[in-house]
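Before anything else, here's the structure in question.
Chain naming follows the written order as A, B, C and D, and within any one chain the residues start at number 1.
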Amino acid sequence: MIDIQTEPIDPEEVLSSVVNPLGGAEVLFLGRVRSETDGREVVHLDYEAYGDMAQSELEDLVQQVRGANDVLGIAVSHRIGRLKVGEIAVAVAVSAEHRPEAFRACRWMIDKVKERVPIWKKECFEDGSKWVVEHP
Amino acid sequence: MIDIQTEPIDPEEVLSSVVNPLGGAEVLFLGRVRSETDGREVVHLDYEAYGDMAQSELEDLVQQVRGANDVLGIAVSHRIGRLKVGEIAVAVAVSAEHRPEAFRACRWMIDKVKERVPIWKKECFEDGSKWVVEHP
Amino acid sequence: MRILLFAGLAEAVGQSQVDLVQGASTQTAGDLEVRIREGYPDLAKSPFRIAVNRVYAEANDPVVDGDEVALIPPVSGG
Amino acid sequence: MRILLFAGLAEAVGQSQVDLVQGASTQTAGDLEVRIREGYPDLAKSPFRIAVNRVYAEANDPVVDGDEVALIPPVSGG
């Protein structure tokens, strides 16, 4: 599963898509809209993507993870559009025989998503909004 | 949530129990019964716990994680009794503001569970069984 | 040549794409960047990378007519 | 003094607890270990740690009558 979607992300679905009978370990990462940032209350976030390129970058990253022979399954789903506080923006799931590989690949994937994939978020507050530029 | 239970583990429930409005990152680890070990087909696993001590160790570990002020929520659930291939043996969920702390605390917790908590598994094959002693 | 803009760059310019006449001075992604920064004062100092056909381009990667060119401001997904 | 056994240790001995008469030679967890290894040949070379009142004990931790003592073979949860 490699998805960029406007509908809410179902973590169970992302996780289920990687389950493998040989897998003893799964790691799921969820990125969620926080209620505040730098002490300011967030009303909602607007996510925008360069859809075709984002999909292609995700596919490329997933291929890189799959190329490492110690990963049995990987899935990534990113939501775009308007997200409320508490909603899931991104989910990454990895299945591997043992936990070190599962943790490592999941962490690598979310780091790369945040570093490379052309998706942007705008934080909207009561009194204004701004595009986020840092990588937290 | 700190559980040692004979009923199946619901990952969604473990995850939900840590969600926090200030949390931007959640990491869920699932340990699952693999279909084979060292090339031998596994029929099922029997988990046994020194229940009172296991609960107390888990509570102690959870307190240690909570003492680190960068973790917003943590939950751990371990199943005991007879588990079939593909079933979830253990789940650890962590919520934090940002992902490094969430990954770090989740990994630390599952490592400590496997190192300290008095729970044992016996692998049952078609032609015999043995208590597992390694820490994979 | 049509150039796609996103996020803060699109807002800065007020549109989601701009047009640039291609010619001898726009043979590479690096050339394009120079032309864009000169031609659009709103983008003169904005940080961005150039993508050609949905792949991040290096400065000396060639750009030809018909390529899908986009300006990618610092990403912030997740 | 009753001593709880688990997993492979319980199987080796064939029961989930054993009794040890407490006395001058069983003042500490370390003493207990020696007595157990002497008294139960099945446990002589088995790896285990001792827990007293549900906490891992060090060799010189005291053990008194009424304590809950258990032998903890290498754990394998998860």
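The definition used in the following text is that contacts are C-beta pairs under 8 Å (C-beta built on N, C-alpha and C of every residue); 3 or more make two chains touch, one makes a residue touch a chain.
These numbers come from a predicted model, not from an experiment.
Student: Name, by label, each chain that touches both members of the pair chain A and chain C.
Tutor: Intersection of chain A and chain C contact lists gives nothing.
Student: Measure off the straight-line distance from the CA centroid of chain A to the CA centroid of chain B, and report it in whole Å.
Tutor: 23
Student: Taking each chain's centre as the mean of its CA atoms, how far is chain B from chain C in angstrom?
Tutor: Each chain's C-alpha centroid was found; their separation is 48 Å.
Student: Measuring from the mean C-alpha position of chain B to the mean C-alpha position of chain D, what distance in angstrom results?
Tutor: 26
Student: Residue numbers in chain B touching 2 or more other chains?
Tutor: 31, 110
Student: Provide the list of chain C residues touching at least two other chains, using ranges where the numbers run on.
Tutor: Touching at least two other chains: none.
Student: So, with touch as defined above, which chain pairs make the list?
Tutor: Every pair of chains in contact is listed here: A-B, A-C, B-D.
Student: Inside the complex, what are the residues of chain A that reach chain B?
Tutor: Residue positions touching the partner: 11-12, 15, 19, 21-36, 85-86, 97-99, 102-103, 106-107, 110, 136.
Student: Help me check something: in the complex, which residues belonging to chain C touch chain A?
Tutor: 4, 6-8, 11, 51, 54-56, 70, 72-78
Student: What residues on chain B touch chain D, complex-wise?
Tutor: That would be residues 31, 47-50, 52-54, 56-57, 78, 89-90, 110, 113-122, 131-135 of chain B.
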